[in-house]
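Multiple structures follow.
Next come two complexes built around chain A: one with chain B, the other with chain C.
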Partner chain A sequence: FPGLADVSISQDIPVEGEITVPVGSHSPDEDYSTLDEPVKDTIMRDLKAVGKKFVHVMYPRKSSALLRDWDLWGPLVLCVSLALMLQGGSADSKDDGGPQFAEVFVIIWFGAVVITLNSKLLGGTISFFQSLCVLGYCVLPLTVAMLVCRLVLLAGAGTISFIIRLIVVVAMFGWSTLASTAFLADSQPPNRKALVVYPIFLFYFVISWMILTFTPQ
Partner chain B sequence: AGGAAPGRAGAAAGPGRASADAVSAPAQGGGSAVIDMENMDDTSGSSFEDMGEMHQRMKEEEEEEAEGEAGAGEEEDGEFLGMKGLRGQLGRQVADQMWQVGKRQASKAFSLYANIDILRPYFDVEPVQVRARLLESMIPVKMINFPQKIAGELYGPLMLVFTLVAILLHGMKTSDTIIREGTLMGTAIGTCFGYWLGVSSFMYFLAYLCNAQITMVQMLSLLGYGLFGHCITLFVTYNIHFHSLFYIFWLVVGGLSTLRMVAVLVSRTVGHTQRLILCGTLAALHMLFLLYLHFAYHKVVEGILDTLEGPNMLPFQRVARDVPVISSAVLNTTAKAVALTL
Partner chain C sequence: FWTLEYYQAFFDVDTKQVLERIKASVTPIPGKNFVRHRLRNNPDLYGPFWICATLALALAVSGNLSQLSALRGHPERRYSPHFHHVTVAATLIYCYAGLVPLALWGFLCWRRGGPGGDSGGSFSLLETLCAYGYSLSAYVPAAVLWVVPVPWLQWVLLALPALLSASALAVTFWPPLRAGGRVSAVAVVATLVALHALLAVGCKVTPPKTHTRSWGGSGAAPAPPDASSPP
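Presenting the complex of A and B:
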């Protein structure tokens, strides 16, 4: 390159330095550092995530935390506790008139899967597990209603207790439906929201019905 | 170090190279196409369950070495281990190929049948359309000489079946139905889905015999929308326990939806005998199903069953759960008052 022979560089432009690019503050060892932390930290981190989602359900706002980091721990805990509380509601002691544990489980998970498939078929943009996560977490108000109903039934099973239970269950049912609609309806095209809301309404209606007709022995 | 880096990158793209491996695998190792089965060593570790692991390891081995060296390396290995090593190698190749073929077939079948997009066109509806079709399902058409259009959608019928399941559950609870083998929910779902799918298939088969112009999806859709009448009737009569009211609803509401279905079918069939067969069967099944749903979960039948099965139970004295006592009492008295004034 004859043309470059007389190019001179002034002395104050630095032409030397470090050629290696700094990798950043984390080294490969830090990726696996969660293995070395105490078990309490691991569990508390997951519990905090689940607790944060519970708060999101109780105060439904348009936040994407529930959708972004989906997890199925919360729905599992809620489903198991609801199924356990619905035990012992048989009309006779020798036959089971109340729902079995497996029945409640299957209703909740099968119903959630059907609603998810329905919303996907209607052109929804939400993924399968995100939808399961939202529907499972929105069972929380109904679990609270079940708890209240059991406590009310401890006091007696008369007309007043029935009216109290009816009001509580209807209120929680409305809350559940509104909470899940707030999360799920956004992922649908705007003119089809009603088509997605109806199965959710039916799903929580069936669960509320199971809670309301629960009579312990 | 140079070989290791592409190895790691290659392992990340491993699944994409499965087809390439299947082609290159027979080229390596034993060259003989005839396998001497009686000398095959069973303890050479070529069990099918281990094949996944072996396959993974073999892939990684391949990717770390250069292309041409792999075959020579394995042949040398076989010779070094003696005859047993070579036969074990052959066995592993065969099992590996079986694993590949099986995996390919399974993934092909999965992507073909579990593809949800097959059903997508049948769910392409607007709420307005669903509402319109629900109302139309109660209005019998007059023009039966011209084939009537049936919308082949599955959203409405599916939602109606689920609604019927919910109503049935309510009815079973209020009549204190006790299912001895099985669960309440299972019975409700089985009944409703069984009716929808089973009767649709049967009617489609009859339509095929009678040369009617109707497809399976249209049949499912027609029958599904006909359940709207059932839903209304059962919703009203499970709460107001009035026999005459039920019969009126059965005739009027059930009759209207049956007439609509029958008219649509008649418009698509040619020939008097065929029309008669199809419409008679459909009308009979539809009306009888409503009758069954009402009476199967009625208190009177419950009482009779209990007298037959359990001497401890007194018939006609079963009390419904405390839930609908007030509501049904109120509804019953209002219905009686209305009936008296009319």
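Presenting the complex of A and C:
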């Protein structure tokens, strides 16, 4: 190397520096290690996530947060409360009663699974649990309708209460279907959207029908 | 066999196609064979499955509605939703839509001496299922309209879809059946029509009506004209 012939290195330039890699503002470990935090923090974080999803359902915008971080706590809570509220309806003999707790549960979860399978078979791009999550959360308006119906029925079971209940249930049914369609229809090719929306319509119709035909003892 | 992609082939339809198939299954034109003209080697399971589901639901809803309207004149009787009848009705419909095409296909195979290719206009199992499922769509509006408590209208609503869909099915299945001999073809078609009519009659008498004869069917308690009503 001819160009380097006259470069001389003095023998006593000290070589110094840091060997350790500088640490960032917080190490990546601390972010994911949630074992050390108090239990209250864990629960509050999950509750906040569920609450945020409820808000998303009530004001359906096309946000992907609901789809990305799916969880099934919300659907479980909604399903259980709906099934509990549908109890106690004209069960004079074991055969003629309304839907039992287990039946409501099975209908909701089995119906959601079938619809998810259907949309996946038709070529949807949404994953299995994401779809279950959306369908479960969109039962929220119908649970609210059930609550309202029970309150109205406390006041009396005449024609006026029936009309009120009808209007409330129809409105909430429309809201549920629209909310879930807003989330799910985008994942389908455009010429099959109606094929996917129709089973969702049937599913919420069944639930609305159970709510509307509920008569207490 | 167990992957999703295998079954995706059975759901390869668009909205327009489904609607066209439904229309075609209720208009029996002697020239147009449903399988050949509409399905064109693309049978699907979406139609049959969801049409059966809609039919079961429509029967349940109309049963409830007819019961409610019957109770309207008798405020002392309590409304009971008879939820278990719904499951029985749904099971019956799905069994019919699944087993009868299976039997028909098996019969066609046996006539030809074994499941073969497409020679002579034979139909595959999927196509048979498809044709049957779509033909049940004629019963759906009838099931909804059965609520109207006018007897002659109910019988008309019973006969019309049964005739329409049965004749559509007969037109569809005539070519492969004819290959096995005229007499047997007539016999099979007559059986098909009879089964179809039986389904219609079964749908009619299933929802228990408190002002007519209640359903004396398998095991479920008929609607109690309540002796426990308060005076």
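We adopt the following convention: the second predicted complex is superposed on the first by the 180 of 217 C-alpha atoms of A that agree within 3 Å, B and C clash if a C-alpha of one lies under 4 Å from a C-alpha of the other, contacts with A are read in each partner's own complex, and residues count from 1 in each chain.
Quick note on the criterion: contacts are C-beta pairs under 8 Å (C-beta built on N, C-alpha and C of every residue); 3 or more make two chains touch, one makes a residue touch a chain.
Because the structure is predicted, anything quoted here is derived from the model rather than measured.
After alignment on the shared chain A, the placement of chain B and chain C results in a clash. In the superposition on chain A, A:V106 makes contact with chain B only, while chain C stays out of contact range. In the superposed model, A:F129 lies in contact with neither chain B nor chain C. By the touch criterion stated above, A:T159 is placed in contact with chain B alone, chain C being left untouched.
Judged by the touch definition given at the top, the superposed model places A:L121 against both chain B and chain C. Of the two partner chains placed by superposition, chain B and chain C are both touched by A:Y198. Comparing the listed stretches 40-48, 58-66 or 238-246 of chain B against chain C after superposition, the clashing one is 238-246.
Residue overlap on chain A between the chain B contacts of one complex and the chain C contacts of the other covers 92, 95, 97, 99-100, 103, 118, 120-123, 191-192, 194-195, 198-199, 202, 205-206, 209, 213, 215.
Interface of chain A with chain B (complex): residues 91-92, 95, 97, 99-100, 102-103, 106-107, 114, 117-118, 120-123, 157, 159, 162, 191-192, 194-195, 198-199, 202, 205-206, 209, 212-213, 215. Here chain C touches chain A in the complex through residues 4, 7-8, 10-11, 13-16, 18, 46, 50, 53-54, 57, 60-61, 64, 68, 78-84, 220-221, 223-224, 226, 228, going by the rule given at the top. Every residue of chain A that touches chain C in the complex is listed here, in rising order: 89-90, 92-93, 95-100, 103, 118, 120-123, 191-195, 198-199, 202, 205-206, 209, 213, 215. The touching residues of chain B, counted against chain A in their complex, run 116, 119-120, 123-127, 130, 155, 158-159, 162-163, 166, 169-170, 173, 176, 178, 180, 183-186, 321-323, 326.
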